[in-house]
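The structure under discussion is supplied below as structure tokens; questions concerning it will follow.
Residue numbering begins at 1 within each chain, and the chains themselves are lettered A, B, C, D and E in the order written.
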């Protein structure tokens, strides 16, 4: 493959980040770090959008706008998540995900 | 191999490496910082694609907002400096397997499909154009409103949840 | 301008209520009971408005689509919310954040409206988030219950992951088709591997929200932990909304892949029914039991969806209407029992009949309807779903579905039996407040009449 | 006029049954008996009337059988239909007379005999039911009607045997009687099916015409090489054998003596048990054209039963059982005489004649036995003896009856038995000699009975004062009437009236032929006198002389035990128990199994719901990956 | 007359029971039952009258109402002789059932409500001419049975109730798949659930080949087809008296009627295809059920198993495919309905007095309760096929009909069936004899005879039995045309 950075490079970066994020989500046991992984996932998606927008469909702005809105949503999501986490910390005295396994089966 | 290429690879490398570090480091505070680097790297990539506006948003919202939020919450919830618990091997292996499989699948398919982008990417959108579109009733006015309502709702939710008084025990 | 208002009347109404609530909150506030009755009144108006005067049109450059069917579906959703506001009124009265609860719930409702009307991936994504994030917050509103916060955490985390994966899919779709507009995407989707992958990533979000196996695992925990109204909202309203959206999207956007997603839907439906039933069999917590039973119901909805024709749309809409009545009857009773008698386990239902015949009957009717036993409306709902599915001629699948009906009958009847067996010791009879009676009355009426009165179905048919 | 009479004959008893059954004690109290008796009397008179003006008109030399009335009772889709009708021909008229006559006697007798019974009215109701069914049976105009009433007499016999319902033995006997005959009726039923399918009709006359005509008689529907006709007739005979207690289905009759004695007299001596003979006689034309195998089946079964029962009778000590076995033996006579088909059809006439006479004297014997039993309060011989002075009337009539059954001229039995023997002599010598032996045995055991009741040892009153009266007039008058009958019945020119082809049939008796039977009968009597006239140890000695044979005979050759072994061993243990076991353990287990399997599955997969967020995520991811890869392998293509 | 009254009457009764105070429940129920009986009688007479004036159209009082027209349903109702006979049976059993449970105290309101609901289902089922509507009514009648057993039942009631409900639902699941297959196998423009239309358009053999077994077995489960009969003993024995009467008297007839109407009538080729299998299963059920009965000790189990045996005759008759045999099957349904209902009613009364259902713990009861035991004798004689009672007529018709087919297979089946009359005699006499006769058992000390309501319920059923047993021709006249239609269908005309 050619070294000249193009669409595919960005997609690769996006995919890699995406799965790194998922890996983090699956393995980290601290809720906040899990949240960070989620942010990674969202960012990777953003990269895809921008890349597609730039290299495939430059005519429209859909990708760019999508990215903007994703960022906004991510903020909201993070806010709510952190609020919930803090509450969980209050009730469980920890933000380790394993403390919240009362409900099962 | 032009300079821009080098810059691109540096940015990409930076974001990926720091992402890996941020999901593996056992110092929660450090991993937050690594996340910050990743975000900046990605912002850099946006600049590289000269989507300045997006890059700016990225910096402002993520670096300035979310990352800070996360760090605060770390302070709130965590005695910083204490190690994160060890990842159980089984989970790590399973996760790694799933992730590898997924990544392989995605990359293979992408490669098969071979997204051959345009050789000469079109001009990046001007910020004014974005602004125009954003509030145009035939543009993105509705999504804009929706997001605003979502933010409002999220805000209210956070307030209620985070501002609860201590349980009377 | 009027056109906008006319097409978006339900949204406008909901928005209005939200603002009224905000003003009341910012003002000196109101006593819960008055506030609650105000909200109920407004919701009632919304129900009327949403069911009435619908017509077709698209605004915001095709980001918002409205037609008679969608209007009817919105009507179902807001009706469900209204019933919830009635049957869970005990909980609402006791909470100290009534206004906020309703603001969040209604904004989620708004999100669902937009979700159904969405004709554009961006709008779709946004409204999906709008309909889930506030609910996640709501799940935490029993602020002092550990389980509540656990539930909220599980929900927000899972939905974050789900939306991330869906976004990845969307990004691919965008990349492959170059558009976010459903109409244009429809032309572009091909039966190529990467398209399918994109589709699956995208579909996973539906699967997650509908809690289709294997994406269902959050459901039970959240249902158990969250406050009862929120659970009811999740199980009735959001399920209905997502179903409508899914039928819409699958038919509109991925018609070209129909051959593939038929197989997918059939497979998932079988697994979902099976797993849902098997888990429901062994639950002893009422809410968890209802959670798994609703999972099994989703499997059944998928049977209808697999029909891939107009009748599938009609059948699913009809079934969701019935399902709302039946499920809310069950949840309403559960809510009353929880708040009045602290009953959470199924064994404690023993002798319910002796304590309150009304609740006993409401619960039994709801469960009968869920089990699909005539003359309850659920019978017709399932019947039509099966007919929609059978139109493909895949009778093995239909046979499996009916077998699952039998399994589900087993555990539904188990509950009913407990309800009617006489209690060991004589127990105090339960007081049921007027709004609850009213709400359950609506459910019962719905359960009885939606089925045997055939013009309701014919009406829906005429809307398509 | 005639028709209504004939309908009334069975209907009156039915009426009394309904009246007494529903009215019960409250309405009638002990008037019940009178109501029934009066009804019976009327229908007896009617029956006589019918018989007279049937035999009365000699329009032509042959008696034609006429259908008096006939109405459809039930259609079958295939043109077959069951009618309810009345067929009048010589044997019908004969049976009408016999049944009503004996029944009347028994009704009158019971007025005194059953007095003070708790369920007096029920008793008479059942008698009415029985008489109705029996009369319906004899006037039946088609095969199915006869089957219907066949079952009805069966059930009324069940009810009457079990009349003393609190005695376990009575219950057992009733059940045995019903089930054994039921088993035989299975054959009868299938026989009916065969014949009807063959002839496409059930009506007797049509049946004769169809089956005797060539195209049916041709071995259509032959099975295992035997023509359907013969199959059908053989199976029907099975039913007849069951009802008439032919070997090996005779086992129920002796036990049936648990019922009240008058009932034994009516049902188990005179009327019901000869229904089998009647049935065969009814189908005589068919049997006469059937394969020889069927005919010889009938004759040999009859003959063997005659000897067999007679032998057992010699060893029994319960007087009613002796009488029962003698009944079996006598019916054997009738049966084999029917079975021996000769071109002059003497056997038919003889058999019917014997049926007629036997009905009278056997009823007499039973009623007399009833009186005796009431007198000594026991059925056992050794409790009796020396009663000749105590009860002269009974003594006299009993003696007459014994002479009659022994075949001593000029009593009734003599004539009929003569004809039977004559027929046997003409056509089948082996059977003739068996019959001869049997009549010797008959004379022996009857007089054994007679002597040990009335002479033997002097009667010592081991009971206390009461019932020293021989019996009330209600009991004695019937005895006398029957006694007269016993004397006179033989002189009825029977052949003139009843014969196979309806034409008058003259039997010529020659004295030298009858020397042998009479002689052997006298021999038997003398032997009995020698052994039993005075109390002595001769009987024991003789019994010892016979040794194991005597023992076997005393135990009725263990037939009961064999049957019992069959039912208990085969039906219950080999079929019933396994069936029940299979149902409980196999089929039920399958059902339970599915249930528990489902439960097990539910338990098995519960680990899926582990409560761990990240594991949920893992499932999520794996789900997607699997689905995608499956797609790639199935559709994905290219 | 308008047939809707036949479903309307129970419906209104049910409503009245729900609304009225509990102490009136039984009165209302009785009134409703008598009203239904009157209506059915009216139906019978107007039906026969129509026939007399020469209305030969197979289906009378036909009406068709819109009901989910877009899906090809329609509330198409009408009756032929068979349906009328079945409805008369239902009416008899309903009245008797209400009377028997006159002293019901525990949750009486619901009890009588469910009773009327069952009646509603049964009437609707028998009169419906549309597969889906038929199915609807069939299912309506299932759940009340479950509740009957699990609320008012006795013994191992939970198990029995589940078994019954699940097996019956399993049966109806098969039926559902079958009729859906039937529906979608037709070309789109002619898709319908209307039996009349389906019968005349006809169904391709390939479809019949796989649909017939589903539908037949589905209904067969209801009427205790051999391997699927195992719900019968437990269900009947655990149910309360009226419940058992309904189960055996009506519910099992739903199955038989369905086999006849929905399976055989609509899919004659299928019927011919599978007739031999049906016959084999039926003969097994007859003889096997009889022998299994012989070993039972509990009166209710005895009657339940004997029901398996007797319903075998229904299936045998259907399997034989001749007119007589099918007529016999219908007769057997009516007869068995009345007879077994009577039996269960009596068992209930005996149990109520002696507090035991084990045969060996009873004896000599004839002395203390002559009325009940006499009725028991009548029921027993009816079940062993005594002439003059209904059982005889039915069984004979079946036998004659099955004997028509002249080959060894059919005749062997017939003989096997006929053998059961002996076995029946054995177990009936064992049971009834033991209960009624012999020395009075301790359990029978100081009990009194039937009360008025029990007497009446018994009398009503016996009246039915006698009416059929003494004068069967009217029943034949009633049923025959309906059977002709089915037979012609079978003959492919």
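By definition in this document, a residue touches a chain if its C-beta (ideal position, glycine included) is under 8 Å from a C-beta of that chain, and two chains touch if they have at least 3 such contacts.
Bear in mind the structure is a predicted one, so any value in this text is a computation, not a measurement.
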- Note on the structure: Neighbour overlap between chain B and chain C returns A, D
- Task: Could you say which chain's mean Cα position falls nearest to the mean Cα position of the entire protein shown?
- Result: E
- Query: Which chain's mean C-alpha position is the greatest distance from chain B's?
  - Reply: D
- Message: How many angstrom lie between the centres of chain B and chain E, each centre taken as the mean Cα position?
- Response: 71
- Hey, how far is the Cα centre of chain A from the one of chain D, in Å? 98
- Which integer distance in Å separates the CA centroid of chain C from that of chain E? 42
- Item | Approximate Å spacing (C-alpha centroids) for the pair chain C, chain D | 77
- Task: For chain A, jot down the residues that touch at least 2 other chains.
- Result: 11, 18, 21-22, 25-27, 29, 34-35, 51, 56, 65, 69, 73, 76-77, 80, 83-85, 87, 91, 97, 100-104
- Check each residue of chain C and list the ones that touch at least two other chains. 122, 126, 129, 133, 137, 140, 143-144, 152-154, 157, 161, 165, 175, 192-193, 197, 220-221
- Each of the following residues of chain D touches two or more other chains, namely 606, 609, 611, 613-614, 617-618, 621-622, 624, 628
- Query: What pairs of chains are touching here?
  - Reply: A-B, A-C, A-D, B-C, B-D, C-D, C-E, D-E
- Task: Would you tell me which residues of chain E are touching chain D in their complex?
- Result: 162-163, 167, 227, 229-230, 233, 288, 291-292, 294-296, 322-324, 326-327, 364, 366-367, 381, 384-388, 392-393, 396-397, 399-401, 403-404, 406, 408, 414-415, 418-419, 421-423, 425-426, 429-430, 433-434, 436-440, 471-473, 476, 480, 483, 487
- Message: Which stretch or stretches of chain D touch chain B in the complex?
- Response: 614, 618, 621-622, 624-625, 628-629
- Within their complex, chain A touches chain C through residues 11, 14, 18, 21-22, 25, 31, 34-35, 38, 41-42, 44-45, 48-49, 51-52, 56-57, 60, 62-63, 65-66, 69-70, 73, 76-77, 80-81, 83-85, 87-88, 91-92, 97, 100-104
- Query: Where on chain C is chain D touching in the complex?
  - Reply: 153-154, 157-158, 161-162, 165, 191-193, 196-197, 200-201, 204, 207-208, 214-215, 217-218, 220-221, 259-260, 263-264, 275, 278-279, 281-282, 407
- Would you tell me which residues of chain D are touching chain E in their complex? 72-78, 80, 82, 144, 147-149, 151-152, 155, 162, 165-168, 170-171, 174-175, 178-179, 182-183, 185-186, 189-190, 193-194, 196-197, 221, 223, 567, 571-572, 575-577, 579-580, 583, 587-588, 591, 595
